[in-house]
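Here you go, one structure.
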């Protein structure tokens, strides 16, 4: 470990925080942010940058409009920007949350593997679809990292884009001095559920913020080995639930059918807890893509564990900005068609920002390169643990290691991630295929099927794979799909 | 690393080597050994110990008879022994090569997983069958190790029993001061084949002993990254063969049908070499159980790569001593029904022994706990590399590391092995199941199928699982098969 | 790293905290604690245990008396106890802060090495005197750890006794499940001084709690590579001071003579900062015993750097309870001879305790076994970093590593510490001497001088070295002093 | 560890080996080599390159003359070359053994530290003089490595130049694909002495080649933990000698006075063996510069251990080619003034070369980057262990680790070496001083003395420190000597 003295930086000032928001045309997250900022004790400006400039414009309009509404106590101004340079120059904070690829790519991420019997539930962050998504995303994020190095090298960078581990790792790989953290909701969800158990089982008056966990792993495959609510050890409660009927529910496809794709019945969680003695802290639909044996029985097996597969039609619909119902109703508010009331989201961004500028301290889970906070995983791999956030600093908390079988599973995924990251330095598709081939989901296929699936995915998403040398690939040349 | 000063031992004397042979009733290996010894420059005695005393008696008779035949230049005497104590006391060398379990257990090792779609070719050393075999074998070998510690703590121990990595690891785990090496033919086979390529492609006059390789890995999943024949680099030859038609052959089930189960067409080898840039050095039928994606297409896919599955009927037949045709014809010779001629085997045992007693040096591949000879794998795991053998010492040769995807695969298997070894200390079946569940073959099953397969195997082989606490297992209790 | 699931414990309740105080007869620290508790928002009881029961009685009297004074808002009761069992049973918190050895031992710690030209300034925690002190202390602390394991296995243990690294390590070595932290003021002093620089150089309104540092190392040899005051990076200020006259002061013996032995002129600090680029965070008089080249010129060289040697006469005087003027005036207060006014100390104990019972969070430097918080030092060595303290948990913050020369120095000291700890398991004096001989101060002596110095120290302190097998030592047998 | 596939090379042919000899004007080693080659079974040519061309010419003449003498069975031709390019192009083997610096530099290496109380015996490879020697040598060897990379990238490079660890490390640091080994006589000397003990104590008929040792460490600070003679364990003999009078001899200055500077009484060896349980395998005069406590009592203490200090006058005389009596009498032979008889040296070069071209195998100690052969030291550091040499390959033998105190000592020296090597990449004098300051000998000085000594050495040897940025150094600027 060498010293990264460039990372000793003065905290942003709470009087005027300059936020650059790449992907600022978002229909859901941006309006939430705007409302949270308006109710905060911080002031500043937000620059919204998006591949769809009109979305950024709309959000800028909304942001400035919110400032005039009841309950808006902070002073913020918004503008849409049209180059990375103008967006980033002088920024204290950069938010990156993009989804440039059209929905069809996500459809391929799910549907092509399905043809080969791989029933990923979301294909978001690992497995064949997750790796392809990483391959599409990494080159873009290398560009963002390079632009940050040039225009605002000391800025705090918040990455919300999936696959969070691949993407955050790519940011550091491109610009090692970057001050980036990857953020994700899954562990927050676990704490939320643990608060519920504290209320139900211990009759405590508890909410998410009362629950503290010792958390570690990689994003979407994190594990908890200590949990407390207001200092009360929750382990006995969890063990009891795990061993009770509550931890042994089975579901039929019919029971699952009407549920939202986000339904989380925790049966995968309980099963893994039973098996390994530590509690996984991510949604079941994500866990199965890392503990791949849950995927082997197809849809029925998934359903039996209470997991619903994100149909590719759902994805196609919801990730198309225009039709998504995951959005908030900005236009209706602006037009006065719908009554507006300032609300606070559950997001932690403003909490983190407040601590970073020096207003108190805050502890939450973040994704950062491993400098020792997770034992047993290699240095520099992007891992997820709690971090202490104070004025001008985010410090990961040393969380220890894992039971060997869990460590083995995680290291296997880290090997895939690191292999693809290395391959992405030169755009070497065959080197990326080495990582693809050792992925736990892909390994269920024969060699030729794996190659064909890879080639099919590449062919289907060819237009979004800039930065990869498709022509020079021996693997693709051997495949039928590409030839 | 602490010093193992107890391992500084005087070499056995070549004038009288006392060999204890556990499993000495073998019909194939023992007669070979007897003939090799008779033609060596060493003298001594051999004690034959076997679960079938009559087999040991027969081989003792044969051994003493061979001494009187033409060409027998060395002086050796043979006797059958009936306790470990009398066998081991004062021994310089211990050979362990047993197959106590009845053939039916091996049938289960293959057939039960097959019901679950797992088409291992031999189920000998990894995968569900290999793990069960390890579970049956480890407790016995702990007993052998304890007896060696008591009766001949300084003896050199040669383990030939599979799964070599599990078993050799168990010997060291039970008695850390043991001087044991695990031996296997696979790498010798690779050198044999490389000599053939040197003859065919380079027109060299070459045999196995002319070929040297830099070899590393775990038994049956070793890798070569340097190969020479009489000092000539063979890599260009190998790369050319790999990329030629020779490295791209496909087989139909019909083509394979008539072949021996030992047929090795090297197509798995070439494919792995293509993929990872290093050459695997074990038979294809073993490799596929470690690089499990080759197993995913069932028998047809195996056949397509030129691999023939060892039918369980074959196993049942050949592992029953009486009917096996893998034997030599000891009775016929003794009875004079068949003419006897002293022949030399291809075994390396006498070569190693000669070096150990100080007659020159010898280099060959051995399985030993990792003290640094393999980079990237944990210390103490039993790994396979070359070793230099000299008077009183066997020293592993530092062989370096692996490309990351290969290291990832090997580490995954090491995690399984180490988890089972740890579990075997207390006979904890549930801890062993954790290792079973992360096995690369098992991971292709859903959770419940994995549990049922495990329970079915346990139930089928219950009589041979002494040393395991079957009653105390929560996993078995949950299963249908066991309940 | 295995899971230490026993360490998942419910936080103590703030309504009634039971504190066991071993060494509770202290004249300085105990009265401070009593006053801090009286002004806190916590309630409970304190059991005072001491080798000098009358001192414990006096403090108990004082404690209960304070409860009736103005400003005492919390409810605490005090009693003197006379066995470890009654002291510890049911305790939530254990404070250990003892100085059982009579002053003469400390005189030897300083004077014997001085005869050999080793001019330690305090001989408190490393070097020949520090190692002997460790040898006297470790066996006692093993007893405390065993008693805690028996009587209050889940208690939070605060160790204040030097050598903090040796002693805290011994607690964990004896009872791996202990919940102990080692505490020390040195890093607090550094933060205090940095606050002064922030006031003086940056005109900020700052105090210790405004300064945050990224700190890591071993106790008394910790290093800072990031420092901020209210988020403002202090590094430029520190670099400027370092390179200015302020960082280049020289002192004559005359200038130093009148100073307190605690004087700290930071010239060793600046010199080390210049040399290695990171800022040491302990008093100069401690640093020189780890960066031993500062000690080589004897008293004059020490003085030149502004360091005053703790004369052994000072030690003899101040560590004898009766005469020390490091005490507070408990009797005078109790007798009404002196006016009493409740004051708050600068101690962090109550701050930590408050966080532990769930009243907010707190961050401060602590000594804990390394689970990854310090990169480049071995696991389990007791290291010092910041920790986040919350209800029922103390979690070290991952602080990264060091420039290689600094890591090299620290590892050398860790090797000494670990060697002595290992030796203490069986009381093996010769094994301890191996650690003594590689100590950086001792290494300046010839072999025989080192042996004689060791033997002389052993002989002088023989009465306090219970637990060590002096008779069985070959090293002592060879020496003149012992024979 | 990545694969170094470029290191897979075909062995040189024994029919015609092309040897490039940098430093080929040597008066001692070159004539030995010429005679050894003449009596070998190898043929080829030798190119002699030297900073003193006339010395190379003389040796070439001698080489060709020897070919015509009785007993010269092999065919070798010799020529003096005058550029690195002509010397190296097409070479199979490169010998590097130079001493370009004039004798005065070595005088400074010894005398300047002596002024500061540092009584190194030879100052050859570590300590202030050794580090300066490294600083003079490394830049030259970087040039050699670069030339080898350009003109004969696959050649086998034998480095005999001290400090062997620094220099061999620099070769690999400059050209990572180099096939270099560092060679040294010290371990051979230990085996020679062990053969003597086998003769004297065990009445065996033994010579050096009968003794095998398990050896590991860094050059001049290697350790043996197993030793056998013809397979017979020598440990009991060594322990008995160690504990007897033989291992406890003391010497007066008078007794030492008449001895050669190379006298080796093994008393340092026995003392270290007593202390740490493992046997050091280098001359006592080297060992004391690594186990620096032996140097602390000045000349008298050295003498007491039977070590004689190499007076700088000796060095001045013997390292000036013209006057040295360490030479052989080439001119006298050529002129017929002295009778010539072909003799064999004790050098191992021809033995190694014979194995490398495929004539059998050979095992001896070599210095190579650590790939796991030494446990507990960092990868890539140049370590010394045995290696197995075969056609086209040199493979280090995995030798395990050390008792902790020994590991600690070695790692400390490795830290110095690595720090200086890193500094040499950019010629950063201040970074080199960080390594100098943590050297075990230097650490006995106060800060300012250390700085002055460093500056004095730099000033004295300024003319030979090309490649270092003396002007940009803050350390030198602060010093009095340089200013």
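Just so it is clear, A, B, C and D label the chains in written order, and each chain counts residues from 1 on its own.
Keep this in mind: a residue touches a chain if its C-beta (ideal position, glycine included) is under 8 Å from a C-beta of that chain, and two chains touch if they have at least 3 such contacts.
Since this is a predicted model, take the numbers as computed values, not measurements.
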{"item": "Common touching chains of chain C and chain A", "value": "none"}
{"item": "Touching chain A and also chain B, the following chains", "value": "none"}
{"item": "Distance between the centres, which are taken as Cα means, of chain C and chain B, whole angstrom", "value": "55"}
{"item": "Chain centre separation in whole Å, for chain D relative to chain B (CA means)", "value": "43"}
{"item": "Overlap residues in chain C, where contacts from two or more other chains coincide", "value": "403"}
{"item": "Overall pattern in which the protein chains touch one another (line/ring/star/complete/other)", "value": "ring"}
{"item": "Pairs of chains, among all present, that meet the touch criterion", "value": "A-B, A-C, B-D, C-D"}
{"item": "Chain D partner contacts - residues on chain C that touch it in the complex", "value": "271, 274-276, 292-294, 296-297, 301, 305, 403-405, 407-409, 411-412, 415-416, 418-419, 422, 433-435, 437-438, 440, 442-447, 449-450, 474"}
{"item": "Touching residues (chain side chain C, partner chain A) in the complex", "value": "1-5, 7-11, 212, 214, 225-228, 230-233, 235, 277-278, 357-358, 361, 363, 371-376, 379, 386, 388, 390-393, 395-403"}
